Amino acid sequence: MTDRNNANKQMSLKDAVRKYVTDGCSITFGGFIGRDCVAAAHEIIRQGIKNLTVIDDSKTDVMDLLVGAGAVKRWEGAYLGYGAIGLAPNIRRSVEKGVPLKIELEDWSNAGISMRFLAGSLNVPFMPTRSMLGTDIVKYNQRIKLIEDPYEGATVALVPAAHPDVAVIHVQRADVMGNAQVWGFTGNDENKARAARHTIITCEEIVSTEEIRRRGNMTLIPFYCVDAVVQVPYGCHPQSCYGYYAYDVLFCGEYHESAKDRDNFLRWLDRYVLGAADHLAYCEKVGWDRLQKLMGLERRFNRIPG
Amino acid sequence: MGDKRYSASELMAIMTAKEFRDWEVAFVGIGIPLVAGITAKRFHAPNLNIVYESGCIGPQKYRVDFNVGDSSAADGALCLTSEWRVFSDMQCGYYDVGVLGAAQVDKYGNLNTTAIFGGQDYQSPKVRLPGSGGGNDIGSNIGRVVVMLRLEPLRFVEKVDYLTTPGFLDGSPGARKKAGLLGSGPAAVVTDKALFRFDRQTREMYLDTIYPGVNIEEIKALVGWDLKIAPQLKTAPEPTDEELEAVRAADPANLIMGGAAARKSLAGLDEYIEITVKNSGK
Amino acid sequence: MGDKRYSASELMAIMTAKEFRDWEVAFVGIGIPLVAGITAKRFHAPNLNIVYESGCIGPQKYRVDFNVGDSSAADGALCLTSEWRVFSDMQCGYYDVGVLGAAQVDKYGNLNTTAIFGGQDYQSPKVRLPGSGGGNDIGSNIGRVVVMLRLEPLRFVEKVDYLTTPGFLDGSPGARKKAGLLGSGPAAVVTDKALFRFDRQTREMYLDTIYPGVNIEEIKALVGWDLKIAPQLKTAPEPTDEELEAVRAADPANLIMGGAAARKSLAGLDEYIEITVKNSGK
Amino acid sequence: MTDRNNANKQMSLKDAVRKYVTDGCSITFGGFIGRDCVAAAHEIIRQGIKNLTVIDDSKTDVMDLLVGAGAVKRWEGAYLGYGAIGLAPNIRRSVEKGVPLKIELEDWSNAGISMRFLAGSLNVPFMPTRSMLGTDIVKYNQRIKLIEDPYEGATVALVPAAHPDVAVIHVQRADVMGNAQVWGFTGNDENKARAARHTIITCEEIVSTEEIRRRGNMTLIPFYCVDAVVQVPYGCHPQSCYGYYAYDVLFCGEYHESAKDRDNFLRWLDRYVLGAADHLAYCEKVGWDRLQKLMGLERRFNRIPG
């Protein structure tokens, strides 16, 4: 449950992570490979938070970083691959070799885990689904229960509600009251914000509540689901943020190459995360001109009104 | 395949493109499947609409997508919505065709994208793969599924190490229905050497179409069971220049087809942006 | 109540307004409950946010709503979404307080808004009422529920004809929890003559506050069980001029409070529009 | 399931109703007292369609008309009241006195029936809910099943998926391909369109597909859920249509007064529905100046961009 509603939930990324992301907690991240919470993942690593249980759909970039940094104990999710770029190097090292430590795995499909977030957001104990039937996902995951539908008799699977301790969700615009507006695809974000006990919104821009009211239909997550609002421009880089900046495929490719070797990964981590005091310092290292170019590219294709 | 006119990936994209029909709604993953979709739109399926699991329905394809959540997946979309909604729309039967990759496929079209055990087990496999993602859901719920993978050693196996995505399960009559699955199962397996389909009775994968310059023995040697051959085995036509041009236009910086090598051959972000903008017509 | 300074409806609205607290989220039905909400915003709860079951969260109240789906319910809303979503948010516990009307209430705060049987039955009652609407859901899931109805004959009954909305059910310890209900049940019953609350142990409704000029016997005569009285019975203060002014400003054409008679007294659409626009400040 | 997708699903209201709304079918309507499908209900009455099963949340205005006209056999729903105006006269006459004929009733709560549409839209057989427990709704409605949650053991209710034969949904804007965009609250419309076997979209304006693509986030119902697109300006009058026209409380009040008496109701029906060839004729009878004034009023408060 969110903290009591009030007029201003804005805080720094450091404070929001310190307050809500604790050792051993369970966590989920918004976005879907695009609009990922990269800045928040960096801050979690900087603060040395450990033993996280990550409950998520497809969140490779953030997961590969967190796993490589040794922050994750357990993963419940659907996908850990780099799309057209390849497999996830730190995740492979952890699962196959236990380096830096071995994470527990619980596999779901994307629809299956999506239904866990939907159930969580509705505060019902489970959801039925027709995915995962007949497969080894069900064999290895005892929390998927097969039942006979009491109405029509066919077999359906039940999946339990997910209730992560905290959800971090990056959006384009939010007000300090906590109303969060999203353009482009929305992933499972509306459900994650509701399923979680606490929700941190990171955003490209803080706007006035009057501005929020001009487009109430764009408010994906209303204030009452939100505990903290943090402004983090370019908070998804190297991932894309619809209407703000394009995917940095080359930066991402370089990360991927580095991460294939543990020492190179640690050097990458030192350079971009541990050696950067905060997200502003990360942007500086990436280069503001580079970020501006990615913004210019995105805005040729997608512009958010107003 | 020694022919340098086209690469294996390009050929797979072109063969897959032929599986789409006009006005269909296709649930397509990133990479070569998407290139296939864009190619189909240039030819026989101009009104094909593509759906991405991130929640993008019917985008205009100005630029290539590197992942399902790339903002490019949303460019000019007819509808931008949620992940859980598009998976539910899939479960409703609104999507006609899905395209899937895999690390392993078995003779009943079951797929493994989770782990290669290599004598080890699920929690500590030899190779951890990405997992289901939306693959299981596509295989479970979409009417017609096209599988794409290279015909390489240890990929076409008698039994997959981990059954991530259902094909025809154990191949017994009505196995999918008994399990509660809605879709009708895999329709084709497109590789770089041949195209396979499934027998309506036995549900077993058979060789349907062979590509120019490939021979049957070469294929049989790469398949881990006694592969049956269609009574009237077809030979795929050579890709036309127009098809090759369309495939290359769909991936102008060659970053999908060319992978890491292509990334390295780019001068940098500026060149990538220049190519992207120029090709988009924006 | 013979006092012509205010009507019964106005008094009920003012008494209900006092049940809201600042920064709460209130799930409020149309009519007098909404007038109460708007009134509370003028005084002690300026940051009260109102949610409508049609899917409107936190609108700015420029004009009165005649039903939950009136476009006015969306005016300047913080979030415009779906009916199923706001009911689910209610089930999550995001809404602090709900306000409900009813045709009948029993001594454990159970409500009937479905049918007055009048010796007949559910499929053919003497009076068919609107049904649950969102009432049952509010009574099931919201932390604190305020009930509003007039204290008239046959409305406060030992047992409701049809239990639409759960109060404390049969009043037994933990009855709500045993049934699977989440909210903590009714907190107050606001009428035109008195305000009732519920005993924490017995869950029975008792007389908590009496309005100026009303006597206990008058109330007991209208309640269908042996009504208990608070050891320290309170008397409500007279509504202030400011409160009455606020209530009237929230319903400037008097169409909520005044009903059909007020509609008929309007000259027509032009006068209604003029009053609405003038009062909205738009 | 919708018919095959194609480039142009536009048709007249007469043709759409004739094709998809048949004697004895089950039907649901979009909107939520506001954005109601009034024009479609009138056309159903004009075509003399009978024995409908209406599955709906809160749809009093449309229901009172259809029941008064003798078109309804059965109702599965949550609310049949006129908000601040009063009870529903034709519904009372039908249920209490069997005039013009007695409708069967199946009561749900709004959350309960909402979950039936959600289940239908997900193509799962049922949804769990924590509403309606402990009440006479469950006593009189055998299709609500109480079960013990297999995960945590508490009692929850199951409600079965709704799959009406047809959904009629009025929206602000649609293209001829069937993409429907909605501003303001959305009720259960996205779920009704998916739960139904066939969906008719009525709209204030037909816009180009290019216009739809400019605001993909506003497309509540994508083309593949839609069978027919019909342009019906002022199709909700006397109800409101967000951004287009305000609620006509006085017209609605007059209807309510008339409907209290059966003969007066029949006169009202003759005048506005049976005596009007189509929705254009209805608008003529209501008065274009009146409709313009309602539009002027609404647009002081809510304007749709572009």
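Letters are used for the chains, namely A, B, C and D, taken in the order the chains are written, and counting of residues starts over at 1 for each.
Going forward, a residue touches a chain if its C-beta (ideal position, glycine included) is under 8 Å from a C-beta of that chain, and two chains touch if they have at least 3 such contacts.
Fair warning: this is a prediction, and the values are worked out from it, not measured in the lab.
Contact with both chain B and chain D is made by A. By number of C-beta pairs in contact, C-D leads when A-C and C-D are compared. Here the spacing of chain A and chain D, counted between their Cα centres, is 38 Å. One inter-chain figure worth recording: chain A and chain C are separated by 41 Å, centre to centre, where each centre is the mean of the chain's CA atoms.
Here the spacing of chain B and chain C, counted between their Cα centres, is 57 Å. Here the spacing of chain C and chain D, counted between their Cα centres, is 26 Å. Looking at chain B, residues 56, 74, 76, 80-81, 88, 91, 182 sit in touch with two or more other chains. Chain contacts: chain A has residues 123-124, 129-130, 154, 156, 183-184, 190, 217 touching two or more partner chains. Chain contacts here follow an irregular pattern that is not a line, a ring, a star or a complete set. Of all the residues in chain D, the ones that touch chain C in their complex are 31-36, 57-58, 60, 77-88, 91-92, 95-96, 98, 102, 104-105, 107-112, 114-115, 117-118, 129-137, 140, 146, 154-157, 183-191, 239-243, 246-250, 252-253, 256-257, 290, 293-294, 296-298, 300-302. Across the complex, chain A meets chain D through its residues 123-130, 145, 147, 149-152, 154, 156, 158, 160-161, 182-184, 217-218, 305. Residues 30-31, 52-56, 62-63, 66-76, 80-84, 87-88, 90-91, 114, 122-137, 140-141, 162-166, 169, 175-176, 178-182, 255-256, 259-260, 263, 266, 268-270, 272-273, 276-277, 280, 282 of chain B are the ones that touch chain A when the two sit in their complex.
Taken in their complex, chain C has these residues touching chain A: 23-25, 47, 49, 56-58, 60, 74, 76-81, 85, 88-89, 91-94, 182. Contacts from chain D toward chain B in the complex involve residues 1-2, 4-7, 121-124, 177, 179, 190, 194, 209, 212-213, 216-217, 219, 222-225.
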